[in-house]
Amino acid sequence: MDPVIADCGVYENGRRVSGRISLDRAAEAAHSTSGFVWVGLQDPTAEDIAVVADAFGLPPLAVQDAVHAHQRPKLNVYDDVVFMVLKPVRYVDHEEVVDVSEIALFLGRNFVVTVRHGRSDVLGRVRAELDRGGSELVSHGPKAVLYRTADMVVDGYEEAITSITEDIDEIESQVFGTDEDDHAERIYKLKREVAEFRRAVLPLAAPLQRLADGLIPGIDSAAAPYFRDVHDHALRASDAIEGHDRLLSDVLQADLARVGVRQSKIAVRQNEDMRRISAWAAIALAPTAIAGIYGMNFEFMPLLTSRYGYFVILAVIGGVCWILYRLFRRSDWL
Amino acid sequence: MDPVIADCGVYENGRRVSGRISLDRAAEAAHSTSGFVWVGLQDPTAEDIAVVADAFGLPPLAVQDAVHAHQRPKLNVYDDVVFMVLKPVRYVDHEEVVDVSEIALFLGRNFVVTVRHGRSDVLGRVRAELDRGGSELVSHGPKAVLYRTADMVVDGYEEAITSITEDIDEIESQVFGTDEDDHAERIYKLKREVAEFRRAVLPLAAPLQRLADGLIPGIDSAAAPYFRDVHDHALRASDAIEGHDRLLSDVLQADLARVGVRQSKIAVRQNEDMRRISAWAAIALAPTAIAGIYGMNFEFMPLLTSRYGYFVILAVIGGVCWILYRLFRRSDWL
Amino acid sequence: MDPVIADCGVYENGRRVSGRISLDRAAEAAHSTSGFVWVGLQDPTAEDIAVVADAFGLPPLAVQDAVHAHQRPKLNVYDDVVFMVLKPVRYVDHEEVVDVSEIALFLGRNFVVTVRHGRSDVLGRVRAELDRGGSELVSHGPKAVLYRTADMVVDGYEEAITSITEDIDEIESQVFGTDEDDHAERIYKLKREVAEFRRAVLPLAAPLQRLADGLIPGIDSAAAPYFRDVHDHALRASDAIEGHDRLLSDVLQADLARVGVRQSKIAVRQNEDMRRISAWAAIALAPTAIAGIYGMNFEFMPLLTSRYGYFVILAVIGGVCWILYRLFRRSDWL
Amino acid sequence: MDPVIADCGVYENGRRVSGRISLDRAAEAAHSTSGFVWVGLQDPTAEDIAVVADAFGLPPLAVQDAVHAHQRPKLNVYDDVVFMVLKPVRYVDHEEVVDVSEIALFLGRNFVVTVRHGRSDVLGRVRAELDRGGSELVSHGPKAVLYRTADMVVDGYEEAITSITEDIDEIESQVFGTDEDDHAERIYKLKREVAEFRRAVLPLAAPLQRLADGLIPGIDSAAAPYFRDVHDHALRASDAIEGHDRLLSDVLQADLARVGVRQSKIAVRQNEDMRRISAWAAIALAPTAIAGIYGMNFEFMPLLTSRYGYFVILAVIGGVCWILYRLFRRSDWL
Amino acid sequence: MDPVIADCGVYENGRRVSGRISLDRAAEAAHSTSGFVWVGLQDPTAEDIAVVADAFGLPPLAVQDAVHAHQRPKLNVYDDVVFMVLKPVRYVDHEEVVDVSEIALFLGRNFVVTVRHGRSDVLGRVRAELDRGGSELVSHGPKAVLYRTADMVVDGYEEAITSITEDIDEIESQVFGTDEDDHAERIYKLKREVAEFRRAVLPLAAPLQRLADGLIPGIDSAAAPYFRDVHDHALRASDAIEGHDRLLSDVLQADLARVGVRQSKIAVRQNEDMRRISAWAAIALAPTAIAGIYGMNFEFMPLLTSRYGYFVILAVIGGVCWILYRLFRRSDWL
């Protein structure tokens, strides 16, 4: 069996009634079952998906979008197929990277075709939930798959947000702490990740709104409150992401400024040292100058022949140094 | 009785007609009373609330949201229950922290179930008001509880805003005053609190608008002006919070810049000192150099044997120092 | 008569037909007159206004808002009363402060109740205009009072804007001039005032729009063009205020940067001085060193006994100093 | 004839059928002609315009706005008169000033009254176009005048934008070039002019939209595509102006930062000089110190009496200087 | 044949049925064919296009817009012609320049007239696709040409975005790397290019939305999903461009700050050197001063005549130097 097909099963009367079946049998089952068939593809090529598209009559434009990842979250309605793109995220904490993957869902009356790009485990968890049975979800058919997937994707947003909040807290305490490092790069990179996160979340509000308003054909209004709930959570995620973005802007500005201030403080300390050294040097120049004068070789110089001249001059030198020292202290140079 | 149940009473004909009753009796009373029953829960677990949800037929999705705090303010209408989330805030002045709690209300035809997370005293004050009687509010049933709660929550916003305004005033006078400290951390943290505050307030406008427009089934248009009033106040709070946020951005920028300037001023003062010390040292070098020359041991040097040579040179040294001193003064170096 | 009642008069057939009458007679007259009664209150307490509210049947929520100043500009329609809040401003030029006051108007079919908080003279001027007569305004009843008040309030905005524009021009010429001061505080404070101004003006657009569209019951569409005109002017004021705010942001940024640059320029000048002093000191070290060598007491030293040794060395010293001087000049150090 | 009346003529059957006629005859002609009358006023006082307003029955509020310049671009519909305000701009390149003037147009069924404030030549050019004849425009009556005026005003915006783009290009190459000047003032002032420009252009989109949608009574939908075209161009101008504003913000930030960096570079160069001078001075201190030691007057000092002592010490001095020189070179201080 | 006519052919029954024909025959064919005629012009003058406009009855205003390039992306509907302007971009990587060209399309019932300004190859590729046949596109007539063109233009946006993303990645690693250069100019210029890019993309969303909603007469709703797809991609491009713009703002700010910090670090290193040199010089002053004292010529000085005086003083000098050295080391000055 093709490895791009993650799974392929029939759900009927609220539970899974088949193992992993072949694509042909799945297409057949989709016509005969009162339940629905779920075909899950992962990272399919255009050829892989063409077979499935053919078997289930998927709209070609949507199929193209499902092959080329990097879509915007969106919801398009075709004649009898609803096509939705979701972008689950995973926050890889130790690298501070938001890993955005992509899920495309085709919802027909009796089938769901899901296409996954990237490493999201959302579809796997939804399938596990369904296979486990017990929940009445399965009996609601394809739209239940859509609901559970969207719900888990949005829950994943909140987990990512929590982790990012913690990282921002950590950054804050570093920036405003005694830490001497420059955090600009880290902040900037997290900001970039948050921006990518935002691109995955913000466009999702409009499609969820339409689902919550019960405006999508084939998804009856009984499902609306469920999508309303997902929509509320998506809005909350958007709010939080916007908030993070703004916080990071502020903390980046603060960090850049503080690094500058820290440099200035070092310079101020260095200048103080220089002033102190210079002041001592200036004091040392006094004996040199005075002694120099009494080292001149004039024949006639007072004091030179005096018995106490030497001691007088030593005292003068000491006095001058003392006075200079006092002056410099008073000026706060020493 | 379960400690998560804060209170549970029956209101009829405009006043409270029961003490704290059990949940079973409350559910019963909700069916039989012409008034309404109020069940108040605090920090309930999923199990706690399940019992109440079951007794009153609360919509499961809303119940889930009520258990997990950290919702956005919102208003969802289910078949016969209106569900609203409000986020009261309390500004803890000495820590400059905005403490956001959460209140969820389920409004049925004859009952109100309130769920409180965090330390807000709003519900307690509403209940006290109702219990006190005298007000005709009680006779308006569940929607009166919603109105009073929303009104008090929004009044609480205005109190918090007033306190924050005072703190910003204080910060301003420090930043632009003679205070030498760096206020970046304080400003940044207050900005973060204001951002959280905003997340509690801004999304509230839309639900209140719907209430003010009388669009919520079960809340008749007679109540609309009351919610219009709350809506006006919520908008005012939003305006003020946005204003605070912008002010804090400006004052942060000013603070960061001023800290830099303050450092520069210190450097300028230090440089002046260095220039003065160096200038004095330069003056002191003159006698050293001249005396050095007359300290050379050449046999044939003019002046050495002269009677007044020594004094001539002393005068020369004095003159050179004086000239240097004048030059340096003229250059403003001394 | 109660001092909080500024005036109380009856207007009929296009002119004032009474002096200042008592509140009881006013309420009576409001029922009997074909014109209208105007009751003007200033800074009333809840008790003061309760009497008036009772006499004229004012909606309690609006009355509450009228007592507590600090409302947003707004327009609420009650059953038979229109309630509007306006926020006149006055720019106190010598303090660069925007003084925001508040006017609340209750418009009934045959009465106007106005409540004033703060020092605005708008209501006084409207009343003077009406009392003067001659204008056909009076015959249009309460809505004419609303129109004239709103018009004068918005005209007041434009006056304030003109004054602020002048102050910004002054700030600009200072920031970009030779002025050495730091204008950050002044700019910041003006920015804060402009922000408060904005809060008074921006929310006014929506109510004026509704009036201009003739959507307010009791204010017939014949008045719409008048309110359209006020609305246009309010929008212009909003544009100008937004422009001011942006200009002030830019000029604040420029000012902060320029103060930094100015400090750097001082540092550069100081560094030049230091370099010059050091260069001279370095030159002075040459004779000291050379002379020191010939001051050594070796018995056998060439030149010492030579007749011209002294002059040779003097020439060497001079030459070395000259060369150093030339070198330092070439390096632009002197 | 009144100098405030720029021209006054009758247009019929697609061409001008009168010279400059008096106001009375114009008003008369407006009633009798199958074409239309155009009265052009420039900088009229309230009295000047009152006569015209009276003759043509212009709406008083609009007349007031036409007298007081400094309106926002707008379009108001009165019973049988359409009133539009346009704000032509002219970019005075050598002063880098956006000169905003104002044109008010009153369009009746058979007349156009235009009021011009400031130095725009748009109306003159429209009139010249009409007088020249040949175009079928004239036969479309007043709305053709409106179209041509709006079209030329918006064309003028594009010319101004082109000139401003060139100035921004010039500023960019200066800021990022080797130019040592500070361009903050120039950038700031251009930004202010662009802000004024924006205030003239942005509010124009809404009125043009209404004209393009054919929503203005008296301006039939056949004219809509023409106004749609002007609207498109106005939007393009808005886009460009917004773009300019953002570019100028960026370039201002870059300029301010670069001036700071330039100052720092000067400081770095100066510090290098200082280090070099100090290093040389430090080297010069070695001979001074060593020679000083051998200049001491002790009776018993080794080497002094040695025949080669002097040369040994000279060699030592030279060696020490050489070592210091090598060390300083290695540390990159020389 | 006129060189401004790139090509001119007839498409019928899903394939091209003519070679390059003359304009006259094309206009004729447009009336007789069941397919459609495509006339492609490149950089036409007003005269060139007038001939075509005449032959196909193109709306004059649209024709004017097609001649003057520098339009906004837009879609205007005339009586029986749809006019659309698209702005393809090409990112010239080695110059980091976004090259924006312009395509105008006139869609009639049986003809397409395309006008190209600049170097886009989009129209050529669409024509090649059609000429190649095989695709069922041709049978959908003019609107298929519009779809393919819009689709390729938007695909081109995504290519450009990918290249810009790579350049931004490169800039990031340079700014946060060890690279000592200032990247402000590069970042600023790329930001300017992105701004121009945005002006080409953002206004395209509204016309595509109208096409996707099937609101354009003559373009049946069967085509809507195709344009919906293009619209989705255009939105994604807009998102990405906005994201780029914000990233570049952040990285510009970071770069400007880091250049400043780098300068400060150099200054700190220089100051350290200066401190070290000064400290050594201060140490060297000690022997000079002490030796100077013992070089004085007093007759009576203790120690001078002592046999070990010289050595005692040498030891003193050595000791003082050692103590100074230890002190300076302890202060971290050496």
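A few remarks follow.
Chains: A, B, C, D and E, in written order; residue numbering restarts at 1 for each.
Assume a residue touches a chain if its C-beta (ideal position, glycine included) is under 8 Å from a C-beta of that chain, and two chains touch if they have at least 3 such contacts.
This structure is a prediction, so every number in the text was calculated from the model and none was measured.
Note on connectivity: the fewest steps through touching chains from chain D to chain E is 1.
Under half of the residue numbers at the interface between copies chain C and chain D are found on both sides, making the touching surfaces mostly different. Centroid to centroid, with C-alpha atoms defining each point, chain A and chain C lie 39 Å apart. Look at where the CA atoms of chain A average out and do the same for chain E: the two points lie 24 Å apart.
In chain D, the residues that reach two or more other chains under the touch definition are 253, 257, 260, 264, 267, 271, 274, 278, 281, 285, 288, 292, 295-297, 301. Note for the complex: chain E touches chain A at residues 172, 176, 225-226, 228-229, 232, 235-236, 239-240, 243, 246-247, 250-251, 253-254, 257-258, 260-261, 264-265, 267-268, 271-272, 274-275, 278-279, 281-282, 285-286, 288-290, 292-293, 295-302, 331, 333.
By the touch criterion given at the top, residues 59, 61, 64-65, 70-72, 74, 76, 78, 182, 184-185, 188-189, 191-192, 195-196, 199, 203, 249, 252-253, 256-257, 259-260, 263-264, 266-267, 270-271, 273-274, 277-278, 280-281, 284-285, 287-288, 291-292, 294-297, 301, 303-310, 313-314, 317 of chain B touch chain A in their complex.
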